[in-house]
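Starting off with a structure, shown below.
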Amino acid sequence: MSMSMSLGLVADSFLALLILGLAVWTIAVRGTYAAVVGFVAYGLLVALVWVRLAAVDVALTEAALGSGLMGLLLLRAAACLPRDAAVPASGRVGRVALRVVVGVLCAGLTAVLAAVVLQLPEPAPSLAAAAAQVLPTTGLGNPVTGVLIAYRAIDTLLEAVVLVLALIGLWSLAADGAWGGRPGALRTREPGAALVLLAQLLPPVGILVGIHLFWTGANHPGGAFQGGAVLAAMWAIVLVAGLAAAPRVDGRRLRLVLVVGPALFFAIGLAGIWWADAFLGYPADWAKPLILVIEAALTLSIAAALGLLLAGPPAAEPGPGPVVGAAGQLSWKEQSSTDEHR
Amino acid sequence: MTASALVRGTAFFGCWLLLTHFGTGADLAADLLVGLASAAAATWVSLRLLPSAPGRVRYGALGRLLWRFLWQSIVAGIDVARRAFAPRLSLQPGYLVFPVRIPPGPGRALFGAFTSLVPGTLPVGSGPTAGGRAALVYHCLDLRQPVAAGLARDQALMIEAYGEDETDD
Amino acid sequence: MTEFLLGAALFVLGTVALGLIRILRGPDDADRMLAAQLLGTGGVAVLLLLGVASGLGAVGDLALMLALLAAFASVAFVTGVARPDPPKPVRDPNALPRGDRS
Amino acid sequence: MSLALSLFTIVCVSLGAVFFLAGTLGLLRFPDTLTRLHALTKADNLGLGLVVLGLLPQVDWPLGALKLIAVWLLALLAGATVGQVLGSAVRPPPVSGAGESTP
Amino acid sequence: MQTAVILSDLAAAAVAHGGDLLVLALALPALALLPAFALGGRWAGRIALLTLPLGLGVAVAIAAAVRHGGAPIAYHLGGWAPPLGVALRADGLSATLLLTTAVVLCAVGLFARADFKVPAGSRETRSPLVFWTLLLGVWTGLNGVFLGQDLFSLYVALELVSFSAVPLVCLSGRPETLAAALRYLLFALFGAVLFVLAAALFYGTYGTLDIGLLARHLAGADPVPPAVLAAAVLMTLGLLAKTALFPLQVWLPPAHAGAPAAGSAVLSALVVKASFFVILRLWFDCLPAAVTQPAAPVLAGLGVAAILFGGVQALRQVRLKMLVAYSTVAQIGYLFLVFPLALGAAALPAGGAAQAAGALTGGMLQLVSHALAKAAMFMAAGLIAAALGHDRIRELGGSARALPLTVFAFALAGLSLAGLQPSGGYVAKSLLTAAAEATGQWWWALALQAGGVLTGAYLLWVLFNALAGFRAPPTLLKRPRRYQELAVLALALGALVLGLVPASSFELVTVGRAGLVGFP
């Protein structure tokens, strides 16, 4: 026991140092791509830290969102910037001074936080026991889901609305003339054969894993956000490989998918005023099925919203039908008629 | 089409049982119901992305192919490890243009994936040979090895397993 | 056995962390991507070892997810690199890749 | 029996760790991006495969084991894709004539 | 007589259903947002315009319930009591702000009808969809901030506000507005990070995020744990970045000036007030007086700096919208004078409840009259800019003759902003001045006067230019719609009329303050 404890301590210290070093490097490095790659690696390490803290729910989220989707988003953003844009010589002294000032402030903040955190009460006051104690009334087995969908349902509900607003904000960056068209950021000109193969084989498996994550979330680590993120990632791969085109942003069906999660959440929450005497309350016997219905709808909406956030604002159409790479055409004869449904 | 839908659906449902640790869930009926739904979704997407191709798979050849793949990937790992641990690197990297007989499509992509895991080769692109035939360009770790012969053997096995008519699309 | 598996996890983690030197040194961004890729595969191994050692079944799900998304960053990296003029949407239909759709 | 299985696990996992070390060394020592790519994809996949193989006796049969194998297969697919995708992005290969051409 | 009976019956009904009203205030705009986005096109505007009066009704009902009941209304969401669950709570401050928000948004909605109409022949265009959905998003967030009683819920509500407000800045799509929006986003994210860090420190110390429970823990804490002090500083810093108090105001002028007129009105009148409101909650309702005491002069000092800096900068502006934006920088400064004034009253030997109430009421009145007046001013400036094709102050000559109603409304709003009699701004400043005198802090009163002079100066400068060239009116590119001008005028008059209503009406503000900081 003691040996595995000390091994754990070694692992934790090692991880901590590694993460700090990588974080510093990621901030300090000049190249945009290099920094993004550093960020992706950083996300992976942070996911490991969450595992060490026995917070697998958070680790799943970090791995899917922090490292996976954010990596794609940042790499696409880096691709839009001029590579390693030269800093004009005149501004460099000022920039360096600014960096030093910011660095000193951040270091100071970190020192204060560290000092303060070390003085926090021991054992830490926590609601974990209370959350676990009343969990049976919700029929759930995973207290994290209990917090997200029952005790603090309002936060989750409003976050789901935030996601819709973020998407509207992204779409607002489109040119007026391109409105209603298809998002274009994930179009690739010539996806190679390997990429197309990946996009043909991986998504069905990803769908299973995504639904599994949502479904298992009731009792084990997982949930709507993690499941939705995996589904969004699969969609993004299909888009990158040119096997389907992103949907038009003015499609009614797409909009419906985007709002069904929060809308259903609201509807069941409001019904709670009658059947449970409180907004966002659940009747005793029906709590679990209702929660699962909400989570299912949320998974769908989150997947669509995240996928569309990756796909960027609507852009001018390159031409009819999807962009098909040289390797994909054999298997893809009927595509142009099917992508309307995606 | 229906046959392959059935096959794939069953396979995906099996994957679902795998994921949910079949039988350990609290509510078995609900588990299975969601499993059926997600297997259906996965099958639908799978058929969309990769419609089933006509043609017969020869299972004997497929088995030999898989065995060769497994063995070759172990050899590949050992080969790389040997070079990495060697005090003096012994590499002679270079390109090789390999005329490919499998027509473009999932079959050729699979061949590319396959050969990217065997010793010393890595497909990095495609292009015609000097004679104008379709070819894959390989980057090789060591040109002194009989890389092309190995590739040719892989290709023959693959064509044997999947049959020529698979490619007549 | 638990100690051994934890030790092995630590060893693999240390090994792939050593690979992060490639992130520092580059010289190409692709080299850095390789180090991140190594971290991904190594991370899957570390998670599997940790999961079995600690009996946490959910860690297996995490490993599965990482394996599922293992190629994701590299794909994103490549699609970013492969397009020299990204902000402009492709307008000209002739600029489409000429996949001979049969 | 249990001792044999434990030994099997120890041997396989250790071998896997060695291959991870090999992948890292290759990544650090090989001269250019493409050769490093070889080292990465091949050694890692074998390393992960050995780790999975070693863990098989330690998990419940058959579901836990199959899940481990599924993880390995996914990693294999990822490795194969990454190798080709990065390879073609790093250095556009010579279209024809370069290198050795087999008849 | 009859109506009085009906009204009191209604108020009693509102008190009885107070909790449901809070839920409705939060749910109504969000529930409207979803179909507005899903249906899109012309429906977005229609749904938003239909929701606005309904929301105003809910806000009025909440204010009536709070005022009539004389006590705050609380609601446990999902039936889960804090600390495990999340509570909504409306006291006098919340009710005041809910009402102000609804009034301003109604006027803005009416005003925006002309600018954000889907042109004939197309099913859906970009800016109307974005504007109407984001308007509802801002509203959801604001109501969440005013009703939130839980630090993490407040964080989510603030995010709703920010995510809705940032795209409003660059709705026109011009490159310079994109830069302004990005800068705003970075400040907002910086604020959000600090806020959530601080919330984590609060949780780590007391195991709860509920403001009421935290206040109870902290009231007995001696000394206050260092983690709480650090959290208070971090949270305030983050919120100040979102409020744009000097010297963190750099993002505000280009952002507020670059947005379309209706957007600027929402941003300047309401959005910056949300984070200010949370600062107020934090220092008055959560932290003990012993902590607030030393911080109050610092906050007020920054406020004075903002008053002077914003005023001087406004005087130097060439463009009208930039001038109005810098005026917001200055007016935000006034709000922070509340802290030392209300606290000073608490230290008075005779209790000083009346002075504290005066200071707080003055501050809130300043907030409300600024909201009304600034929304009117931005919309008036927008009308002028659209009509003339530019908003260069020196070339405004003749606009008073060409657009009499608009310029008149601008001037009326300016009256309140400068604190001239008889306006809401005047009453606010006199209440604050009285509190300053009663607590012997004359220097804050001096800052108030100086700010008034600066405000008067830059507004006179605008009016002087607008009235010049009266004989030769400029040719107008576009005549404003009458209902737009009336919406602007209504808000400006509202700011003015606030100065005429009897003082007893302001008692709403102080409902639920007994026992809190400044109210012995």
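Note that the chains are named A, B, C, D and E in the order they appear, and that numbering of residues resets to 1 at the start of each chain.
In this section, a contact is a pair of C-beta atoms (placed from the backbone, for glycine too) under 8 Å apart; a residue touches a chain by one contact, two chains touch by 3 or more.
If you're wondering where the values come from, they're calculated on a predicted model, not measured in any experiment.
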> After subunit C is dropped from the contact network, which chains belong to the same connected group?
Replying inline: one piece
>> Starting from the defined contact criterion, work out which chains touch subunit D and subunit E both, please.
In response: A
>> Suppose every chain is reduced to the average of its Cα atoms; which one is closest to the average of all protein Cα atoms?
In response: A
>> Measuring centre to centre with CA averages, how many angstrom lie between subunit A and subunit D?
In response: 28
> Rounded to the nearest whole Å, what is the centre-to-centre distance of subunit B and subunit E, using the mean of the C-alpha atoms as each centre?
Replying inline: 62
>> I'd like the Å distance between the centres of subunit A and subunit E, where a centre is the mean of that chain's Cα atoms.
In response: 32
>> Can you list every residue of subunit C that touches 2 or more other chains, as numbers and ranges?
In response: 33, 35, 40, 57, 61, 64, 68, 71, 75, 77-78, 81-82, 102
>> Give the residues of subunit E touching no fewer than two other chains, as numbers and ranges.
In response: none
> What parts of subunit A, by residue number, touch at least two of the other chains?
Replying inline: 192-195, 197-198, 201-202, 205, 209, 212, 216, 326-330, 333
> Tell me, which parts of subunit C touch subunit A in their complex?
Replying inline: 2-3, 6-7, 9-10, 13-14, 17, 20, 23-24, 26, 29, 32-33, 35-36, 39-40, 43, 46-47, 50, 53, 56-59, 61-62, 64-66, 68-69, 71-73, 75-83, 86-87, 89-93, 95-102
>> Going by the contact rule set out above, which residues of subunit A touch subunit B in the complex?
In response: 141, 192-194, 196-197, 199-201, 203-205, 207-209, 211-212, 215-216, 219, 238, 243, 326-331, 333-334, 338
> Residues of subunit A touching subunit C in their complex?
Replying inline: 3-4, 7-8, 10-11, 14-15, 18, 22, 25, 31, 33-34, 37-38, 40-41, 44-45, 47-48, 51, 54, 56, 59-60, 63-64, 67-68, 71-72, 75-76, 78-80, 178, 184, 186-191, 195, 198, 202, 205-206, 209, 212-213, 216, 220-222, 226, 230, 233, 236-237, 240, 315-319, 323-330, 332-333
> Considering the complex alone, what residue numbers of subunit D touch subunit A?
Replying inline: 74, 77-78, 80-81, 83-85, 88
> Considering the complex alone, what residue numbers of subunit E touch subunit A?
Replying inline: 20, 23, 26-27, 30-31, 33-35, 37-40, 75-80, 83-86, 123-127, 129-130, 133-134, 137, 140, 144, 152-153, 156-157, 159-160, 163-164, 166-167, 170-171, 173, 178, 197, 201, 203-208, 225-227, 230, 234
